[in-house]
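Here subunit A shows up in two complexes: once beside subunit B, once beside subunit C.
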Partner chain A sequence: MRLTLAIHQIGSLSLGAATLLDGNKLVVDPEELRLLILEDTRLRSVDIETVSPGEDCRIGVVFDILEPRAKESGSGPNFPGILDPIGVVGQGVTHVLRGVAVTVVDGGAGLENGKILEMTGPAGEASPYTSLHHLVITPHSAENVVRHSEQAALRLASVKTSVYLAQCALEITPHSAEIFESDGPVVKGRGGLPRFAYIGQVHSRQRVAEIDEKILYGDNTAGMVPVSLHPNEWLDGAVVTCNRAMGAETYFYQNHPVILELYRRHQDDEITLVGTLATMAASDNDERDRNCMLAAEHAKWNLAADGVILTKYGGGAPHADMSLTARRCEELGIRTTVQVSDMSWDRRAESALLFNYPVVDAIVYVGGRDTDWDVPAAGRVIGGSGELAEELGAPRRLIATNVCGVSSQQGISRLRAMVH
Partner chain B sequence: MRVVHYLNQFFGGIGGEEHADTEPQVHDEPVGPGRLLGQVLGENAQVVRTIVCGDNYATENMEALTALVLEQTKDAQADIFVAGPCFEAGRYGVAAAGLCVAVSSELDIPVVTGMAQENPGVDLHRQTLYIVDSGKAASAMREVLTKMSDMAHKLASGQDMGAPAEEGYIARGILKDTFVEQTAAQRLVAMLDAKVKGEEFESELPAPSFPEIPAPAPVADMSKARVAIITDGGLVPKGNPDNISAWAATNWGSYDIAGKDGLQGDDYEVSHRGYDTRYVEQDPDRLVPVDVLRELEESNVIGELHSQFISTSGLVNPIANSRRLGREIAAQLKESEVDAVILTST
Partner chain C sequence: MEKAGIPVCHVTSVVPVAKMVGSNRIVQGQGIVHVMGDADLPAEEEKELRRKTVLQAIEALKNEAATP
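Take a look at the complex of A and B:
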């Protein structure tokens, strides 16, 4: 499978009379975008604003952040199962507005544990998102729309906006191209290179997904067993985050740090990237045993992997699924590394791990529990409602785990908890 | 800087094992390695008092020794307390570490000790002390004392302590966030690459080692046993009367089930944020199986169901806290003459 990302480097973002890309300047017609978003009758209105890199601005509660991308005609669907009909992604040409993000605000979410995008100051500097130009959309739901429908409307608005923005670049010659090509597990002519795979959780059933919650090709992952995905599918819209995703945004599925790093080494002929599996964290023991066994079997007998990287989703319990999968892999002779979330509330190393398998011995520990910032009142606030915006904009303590991109579960985090 | 130094009988120059019962001796000058310590500490520091004590005496009279050391250290107007280094000497290490903890908490002055990783004093007090890693060889005395002196100066000046490898102390097992150059993804792939090739790699978190907990003897006769249910799944009566936190709970509750044949969803709620609680809220017996245990009680498979169930929320609970909760719960059940416990988790 071969995917070409046609990269359009964007230097400025503004609102204007027509949506167009002029050199590296992106102009967005808010009225046209508004009409598009409000085709969804679950929504009554939408605020559309731009935020510049490093601007003194605080945004919350963040529903999701996406990179604007659109598929060329004949290259396959955009966000299949959500926006376009089901079809395979990861092939052909996808146009990318690099340097821009679509940031969606969830007006129905409370501030407690809500995700915040802080665009300036030390908290901002710790986030990979603050160097981007953000088109921030805040959809407001119509009356009597239940919560999960409201969230489904946010999801649809998010992918619509992502595709809408990038579509203006389809006829324009990009600045550069990034090519991602892997023949999968049957790859020829790479004998002797270690075969690496990625096993990533895409949901945790600690909170069962809503019936209309679209996560993997539009599926809500209920009853899902491990699914084999080509690495390109992650990058090209097969997977989005759930309705309330801590430490994960769709932007870093589209720019998946683990997959990109594996691809970099693959292209440098250091390893062979043989494939990936999407898994979900179970809600009961049988489901967990079954899923972990199946994922390891996949990695062994279908991918013939020598090494596997595992990441988790959600909170504490998914560590059980990730570590059991890693253990099963190790038992089958596949070496593993795992990325765990910071679970030590007393900052003791003894409380840090939620598993204890001696073979799962290569751990990347993303910290976050003792990183926080006391931030002053924000110069500009984008919040869902007036009341929430007021609270959000006041001086407050920002905790790393609530600031988008800082203690990410997707591999972008530069935080590390060291044992002292 | 005025330093008080603690030594065992061997390093204090009294003698070996045959002198291990020696009672504490106080000298208003450096003794043995204390002279070298004085040198490496530099001009602005001096060892003003030395306490020498036999290892056996220390082990058997820790309370009296601690009282004496506190008194002498206070009297000497010490700015810092140094014990050892103890290398592999176990009784010496345990005493030195114990005295350091006492001086630190009672007199609130910095304390420094040094010992080998394997010394039992490390296991006891690594979490509260900065213990310089002395290695096993006493021949490295000058090098070890230099590290301890550096540590003493650093602690006395109140500077931030760096990572164990930089500063030369044995990891205390405390996590500190740091921003690093490489993303987690880069670290994951690099570590995997090394591991697959059979090269050395360093896990960012060493595997924890927990002491084995031996299984208790089986219950001799279940048909006569009083059985209690404990859950860490957070089931509480409506209104959560004990305010048990939905994560990292610091308390637990015991709730009356006398005369109940089962639990009704209307009477309970769940204080736990880590799992899908709907099925328990529908029927709490799924978590706290009073219904089934009543049947077993009636058919005399078990003697009796204890009149209360015990509940807390186990979610992301620090180990130290969990240990305390466990001890408290066990003590209460013991008092209630419970013979066996069924633990249900989520």
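Take a look at the complex of A and C:
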């Protein structure tokens, strides 16, 4: 499978009379975008604003952040199962507006444990999102729309906007191209190189997914067993975050740090990237035992992996699923590395981890709730409502796990943990 | 609580974490969102399931814990 990302580097973002890409300047017609978003009758209005890199601005509660991307005609569907019909992604040409993000605000979410985008200050400096131009959309739902339908409308609006923006680049020659090609587990001619796979959780059933919650090719993952995906599928719209994602945004599925690093080493002939598995963290013990066993079996007998990288999703319990999968892999002779977030409130090393398997000893820290910042009032605030914006804009304590891009389950975190 | 001399039984749907934190009487519960019951069962069957889980936990308390 071969995917070409046609990269259009964007230097500025503004609202204007027509949506177009002029050199590196992206102009967005808010009226045309508004009409597109409001085709969804679950929504009655939408606010559309731009935020510049490093601006003194606080945004919340964030539903999701996405990179604007659109598939070339004949290259496959955009966000299949959500926007376009089901079809394989990860092939052909996808145009990318690099340097821009679509940030969706969820007006129906409370501030407690809600995700915040902090564009400046020490918390902002720890987040890769602060260097981007954000098109912030705040959809407001129509009357009598139940909560899960409201969230489904946010999801649809998020992918619609992502594709709408990038479509204006389809006829324009990109600045550069990034090519991702892997023949998967049957790859030939790479004898002697260690074979690596990625096992990533895409949901945790500690929160029951809504019937219309679209996560993997539009599926809500209920009852899912481990699913084999080509690495390109993660990068190209097969997976989005769930309705209430902690430390994960669709932007870093599209730019998945683990997959991109494995690809880099694959292209440098250090390793062979043989494939990935999407898993979900279980609701009960049997489901956990079954899924962890099946994921390890997949990695061993279908991917023939020598090493795997594992990431988790959601809160504390998914550490159990990730570490048990790693342990099963180690028992089958596969070396593992797991990415964990620190679950302690007391900054003590012994309460930081939720597992203790001597064979699972390669552990990478990706930020946790033990880090926080006291931040002053924000110069500009984008909140879901006037009331929320007032509360959000006041001086407050920001906890790393609640700030987008700071504590990242996907592995983009710039935080480190030290015992002293 | 064990250290204070009060016997404890831990009903959980995440047994690996219970073991890791040193719970010494563990009873397997249902799902994370409903440890003691199961919303998918008819009311009478669910009541029976809850009763069984509680009785199993009480039974477990009779056992001498190896490492309190």
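Convention: the second predicted complex is superposed on the first by the 417 of 420 C-alpha atoms of A that agree within 3 Å, B and C clash if a C-alpha of one lies under 4 Å from a C-alpha of the other, contacts with A are read in each partner's own complex, and residues count from 1 in each chain.
Just so we're on the same page, contacts are C-beta pairs under 8 Å (C-beta built on N, C-alpha and C of every residue); 3 or more make two chains touch, one makes a residue touch a chain.
Bear in mind that the values here come from a model prediction, so they are computed numbers and not experimental data.
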{"item": "Superposed partners subunit B and subunit C on subunit A - clash or fit", "value": "clash"}
{"item": "Touching partner for A:E391 - first (subunit B), second (subunit C), both, neither", "value": "neither"}
{"item": "First, second, both or neither for A:E55, with subunit B first and subunit C second", "value": "neither"}
{"item": "First (subunit B), second (subunit C), both or neither touched by A:R205", "value": "both"}
{"item": "Of subunit C and subunit B, partner touching more subunit A residues", "value": "B"}
{"item": "First (subunit B), second (subunit C), both or neither touched by A:N285", "value": "second"}
{"item": "Touched partner set for A:D47, first subunit B, second subunit C, both or neither", "value": "neither"}
{"item": "Contacts of A:L324 with subunit B and subunit C, given as first, second, both or neither", "value": "second"}
{"item": "Intersection of subunit A interface sets (partners subunit B, subunit C)", "value": "205-208, 283, 316-317, 356"}
{"item": "Of all residues in subunit C, those that touch subunit A in their complex", "value": "13-17, 20, 28-33"}
{"item": "Subunit A residues within the subunit C interface of the complex", "value": "205-208, 283-285, 288, 316-317, 319-320, 323-324, 354-356"}
{"item": "Subunit A-facing residues of subunit B, complex", "value": "127, 161, 163-164, 171-189, 191-193, 195-197, 201, 203-208, 210, 247-248, 273-276, 278, 315-321"}
{"item": "In the complex, subunit A residues that touch subunit B", "value": "126, 194, 196, 205-208, 257-258, 260-262, 265, 270-271, 283, 306-309, 311, 315-317, 335-337, 339-340, 342-353, 356, 358, 361-371, 400, 408, 410-420"}
